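Starting off with a structure, shown below.
In this document, chain identifiers A, B, C, D and E correspond to the written order of the chains, with residue numbering beginning at 1 in each.
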Amino acid sequence: MLEISALNKAYESPGRRVEAIRSISLGVGAGELVCVVGPSGCGKTTLLRCVAGLLPASGGEVRLDGVPVTGPPPRMAVVFQEYGRSLFPWMTVRQNVELPLKEKRVPAARRRELVAGSLEAVGLDDAAGAHPWQLSGGMQQRVAIARAVAYEPQVLLMDEPFAAVDAQTRADLEDLILRLWRDLGVTTLFVTHDIDEAVYLGQRVVVLSSSPTEVMEDLKIDLPPERDQLTTRSLPRFGELRGHVYRQIQRARGER
Amino acid sequence: MLEISALNKAYESPGRRVEAIRSISLGVGAGELVCVVGPSGCGKTTLLRCVAGLLPASGGEVRLDGVPVTGPPPRMAVVFQEYGRSLFPWMTVRQNVELPLKEKRVPAARRRELVAGSLEAVGLDDAAGAHPWQLSGGMQQRVAIARAVAYEPQVLLMDEPFAAVDAQTRADLEDLILRLWRDLGVTTLFVTHDIDEAVYLGQRVVVLSSSPTEVMEDLKIDLPPERDQLTTRSLPRFGELRGHVYRQIQRARGER
Amino acid sequence: ACGGPQPAATDPASGMTKVNAGVIAIVDTAPIHLGKAKGFFKEQRIDLTITPVQGGAASVSGAVSGQFQFAFANTTSLLTAKQQGLDVKVVANGVSSTGEQGKDFSAVLVEPDSPIKTAKDLAGKKISVNQLKNIGDTTVRASVRKAGGDPSTIEFVELPFPDAPAALQSDRVDAIWVVEPFVSQALSQGARAVAWNFADAAPDLTVAMYFTTSRTDPGLAKRFTAAMRKSLEYADAHPDEVRDVLKTYTRIAPEVITEIYLPKWPVDVNKASVQTIADLALTDGVLTEKIDVSALVP
Amino acid sequence: MRAVRLLALPALLVLLWWAVSGSSFYLPSPGRVGRAFAEIWFSERLAEDVLPSAGRLLMGYAAAGLLGVGLGVPIGLSPRLRATLEPVLEFFRAIPPPVLVPLIMLLAGIDTPMKVLVIVSGCLWPILLNTVEGVRALDEVLADTCRMYGVRGLARLRRFVLPGAAPQIMTGLRQALSIGIILMVISEMFASSSGLGFTIVLFQRQFQIAEMWSGILLLGLLGLGLSVLFRRVERRVLSWYYGSGAARA
Amino acid sequence: MEAVPRLGLVDARFLPPASRILTTLAGQLATPELWIALGETMRGWALGLALAFCAAVVAGVVIGIVPGLRALTSSTVEFLRPIPSVALVPLATLLFGPSLGSTLLLVVYAAFWQVLIQVLYGVAAVDSVAYDTARSYGLSAWSRVRHLVWPTALPYVMTGLRLAAAVAFILAVTAELVIGSPGLGAEIQVAQSSGAVPVVYALIVLAGLVGIGVNAAVRLLERRVLAWHPAVRSEVGA
């Protein structure tokens, strides 16, 4: 489904050139959920933006269903790390979530249903009429998630989407994503800093090295497909994988 | 040192009134490190802003050294949850960190030293010349932390300061804060979503209930004062406290 | 109301021709207002609309563009327009100097305590005129020349008439050239006249004229001329009615209206005086070539 | 390629002009105007008429810039000041410069100060309004950051308020540039005997239409030149803004 | 304003004291001619402003979002902008004579650039993350303009509207003053050439008062359409 081959990206500005990504090759099958972890500033956001077609690559290419990505492909949803800036302050929460659906020409009745459903899923049903700047950080982030969920995308890109919410909400949202992924078969690329989360959610966990960024490890998570906050996390294999990824990241950081 | 008594805060806007904080009473002794946890949207940021004198309370009061807080007190530093927006885009990283020191009339030599030291402590020595918008989310957050650290405040307020960094960096930064707190005796109020972090860092952990917000529990962390990522976290008492706080938050969320 | 040039439309029923005339709202143009009020234009089957314009250039542009069938402009403006090859043709006299020293509607004024005593002293001084390279500086030079001074040393500066007295009083300029009602106003407030430039330039100087373009139907032009002649004649003979009509289209204070010097409104253009102005303008470099006045004034 | 892009539209417009010209006395052909241009402006007129005008323009523009930003910042920062001052300012803003000129002449005479004042009286508004709006719209989190770290007074102005409002201040300055040129012409319509604006008006009154258009052409070129210069400055001052994605252009 | 002439700083003949101006104004306001003139001016103003505003907003948004168009048009825009409306007087009289048409031409020409420049800067101020959001959710060009570009540019546009409203009014009066199309400006012109100083200043004061009214109206509009904006919401909240 998603083919990233020898992707390279350097930011050029007068007097400063940063090679954010040296070379990344990665494939994501249809309906797969892949988690990406890596040290801060290693280029995860850059990778996601290149995949979303928002940033032109400096080298290599990204293909979606065999077609090279040059602009944002249809039916793709992104949850940005800068969730605050990705919400339109002049719209209410409901309008923010509804806007992409209107664009997709979802009939009004179905739209209402989707908006209400996704807002409820993220626990914001009573804030639907508020403006984003009247919400707490975590609430804003959940609006961004609700917008992506309501959109029912084929490909979902998420950049540290649960960074601003508390542990319990985080667990709920993790299960929401798992449900969405399972029910709709959404191909998902999920960037996170939380190793537990990566192992818990992902079918695979990709560990990026620190700059110059390459894929350090592409780890298959051989946990049972049915996941559950309590049982899965207490499996011995979970602990092993977790420890493995942790050591890899530590290695990644140490190498720089 | 810091006395919060019967603090109440409601946001009023035409057509919407949100009582963010019902009533919070809380004392923080000089040189104490108190962690605040609570469900998303429960009013932690609001509490911090009231303490910082940035937001007028609707009721109750905040006193610092016995003086009621009406505006930002001197020698207090804040790391905002919206780290990205709190950096001046027209300044480089170094200038951002240096600005408050200039205002404090720290001599140039000492200033250079502080800036270099704090940037190194957060691992950003080579990005000193970059502008904030040329940095990744985690890097931006670390700039905000470096700015607070270099300021050498008497009171330090931090609002989810490590939300955007990877696990390993987070551990390093936690130890940085602990060192700062211990060396300079900084009175610290630390908001976090990470229960482990709260228990690891705090001398006390304050659990807030969900809206209508009150203090649900004020828990003394009876771990040995010398903390260490490996040993402290593997103490059985650590696990107990962690579990206790977790259950409290779950209760807090459940109650709403 | 908005649209391109409007040809003079004749209403077949009444036989009245709609005519739009561009006329500046000052004392000089009293006859056309008076004539309209008296029905002299109706007699010629002209349904006259008087549109106030701001100055000579505006009335010439308006006429050339077909907006006005007839308009009012001063002699120099018309000469300049003719020189530039514009299609203008005089149809009636506009206003003339009284030709009497001390009793004209145009004068050069100085402060009461000014060292300037006569027109000769104006040489080398800073004098305001409403428009440079126009009838004002030409005739003021003529006054100075006539008094034996050197007109080439005068420094002229542009100031609208209404602003000139204030500039004089605060010594921003040494002398001002103004026309009525500013002459009477300034005189009553103590200013002193040192030259009557229109009277000096030529006997019975024709200061301004009504004109049309070749686009206008000659028959209509004849009728307008006839009405205009009657109006001029009437105005010249009835100064009190002139003073009354001034109250309708200007905002000159009533007490000033009773005092001002009225100009002369002879029926015929004084072609000789126009030729004099043309020659003076050529001498002063306001015009660049000699103009045959007959081409302008038939 | 860049040159082609810059020149394509002007070339098209000149062609259009060519096509419609000649139909009227008031619209001479580009060739006529070009000849008049070369004749008139490549002579001592340049030093006599254009340079003094340009000098006054720059003086007035600079004064308006200082005044606009100087007034705009306090007005933008203080809602109370805004409430009291705004009606007064709006009053003066609505008075057309041509009717304001006599008043200015009463107070400032008829020479250079008057003309500079007239330019200021028009240039001030876009700078002032944009500064006020720019200051009002400063980011709240940044404002809080300043308060927390005790960034106050002059430092706050220099490090936060001015750079933060800079994008909108620059918008105002750019607007004012062309308004300044316009008012340069208007100011020379009174009490003048030389200057670019005066010359154009004189040409117009003397029905030297090609010459008049050549003067207008010169005004346009002056504006174009100044705006190119301005853009250079702006790109430097606002490099962070155009780089950061706070703005996309 | 009262003190300056009273103290003799300037001659009261040339700048009457405020009390005199105001009584004159009151007297003028009682005459129907003044209201007719004011009506004429306001008609030219409103029509011209509306035309200029719509044209400039459309042009500005199109130039701002279609790549390459900005470079293509910039030299022409910068060339045309500083050409004074008053220099267009001959063209206006040629085309329309002293009528509403010439007033409109001058008003539209002057007000257009004010709004256009503001719109261009406003369009450029769109936040890149918000823009990426719109793109990734497949918002069409029209939706992007409507839901993202327009709201972002709105504060700039409102400033442009306020600037243009004043400029349009100024040009409406000036056009009447210079060309003599009927209206307040023509009244001022007649009063000026009649040496009726108090009337001139009374009319000027009236122009200023109209300006205050126009600004208040735009401010009111701004409060409604920009309630979400930090500049406005901080004031509403405080």
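Keep this in mind: a contact is a pair of C-beta atoms (placed from the backbone, for glycine too) under 8 Å apart; a residue touches a chain by one contact, two chains touch by 3 or more.
In UniProt terms, the chains line up like this: A, B = ABC transporter ATP-binding protein; D, E = ABC transporter permease.
All of these numbers come straight from a predicted model, not from anything done at the bench.
Student: Moving only to chains each one touches, count the minimum steps from chain B until you reach chain D.
Tutor: The least step count works out to 1.
Student: Can you pull out the chain pair that has more C-beta pairs in contact than any other?
Tutor: Ranked by contacting C-beta pairs, first place goes to D-E.
Student: Where the CA atoms of chain C average out and where those of chain E average out, how many Å apart are those spots?
Tutor: Averaging C-alpha atoms per chain gives centres 36 Å apart.
Student: Centroid from C-alpha atoms only, then distance chain B to chain C, rounded to Å. What do you get?
Tutor: That gives a centre separation of 83 Å.
Student: Can you work out the whole-Å distance between the CA centroids of chain A and chain D?
Tutor: 48
Student: Check each residue of chain E and list the ones that touch at least two other chains.
Tutor: 10, 14, 89-90, 94, 127, 129, 177-178, 192, 200, 229-230, 233 - these are the residues of chain E that touch more than one other chain.
Student: Got the chain C residues that touch at least 2 other chains?
Tutor: Each of 61, 64-65, 160, 162, 166 in chain C touches at least two other chains.
Student: Among the residues of chain A, which are close enough to touch at least two other chains?
Tutor: Those would be 13, 82, 85.
Student: Which of the residues in chain B end up touching chain A in this complex?
Tutor: 11, 13, 16, 18, 37-41, 43-45, 81-82, 84-85, 129-130, 134-139, 142, 160, 163-170, 193-195, 246, 249-250, 253
Student: Under the definition above, what is the set of chain D residues touching chain B in their complex?
Tutor: It comes out as residues 139, 141-142, 144-145, 147-152, 155, 159-160, 163-164, 166, 240-241, 243-246.
Student: Show which residues of chain E lie in contact with chain D when the two form their complex.
Tutor: Interface residues on chain E, with respect to chain D: 10, 14-15, 64, 68, 70-76, 78-87, 89-91, 94, 110, 113-114, 117-118, 121, 123-129, 131, 155-156, 158-159, 162-163, 166, 169-171, 173-174, 177-178, 185, 188, 192, 200, 203-204, 207-212, 214-216, 219, 229-231, 234-235, 238.
Student: Spell out the part of chain E that touches chain C in their complex, as residue ranges.
Tutor: Per the touch definition, chain E meets chain C at residues 10-11, 13-14, 89-90, 93-101, 104, 177-180, 186, 189-197, 199-200.
Student: Can you tell me which positions in chain C touch chain E when the two form their complex?
Tutor: Touching chain E from chain C are residues 1-5, 22, 24-26, 51-54, 58, 61-62, 64-68, 160-162, 165-166, 169, 181-182, 185, 189, 249-253, 256.
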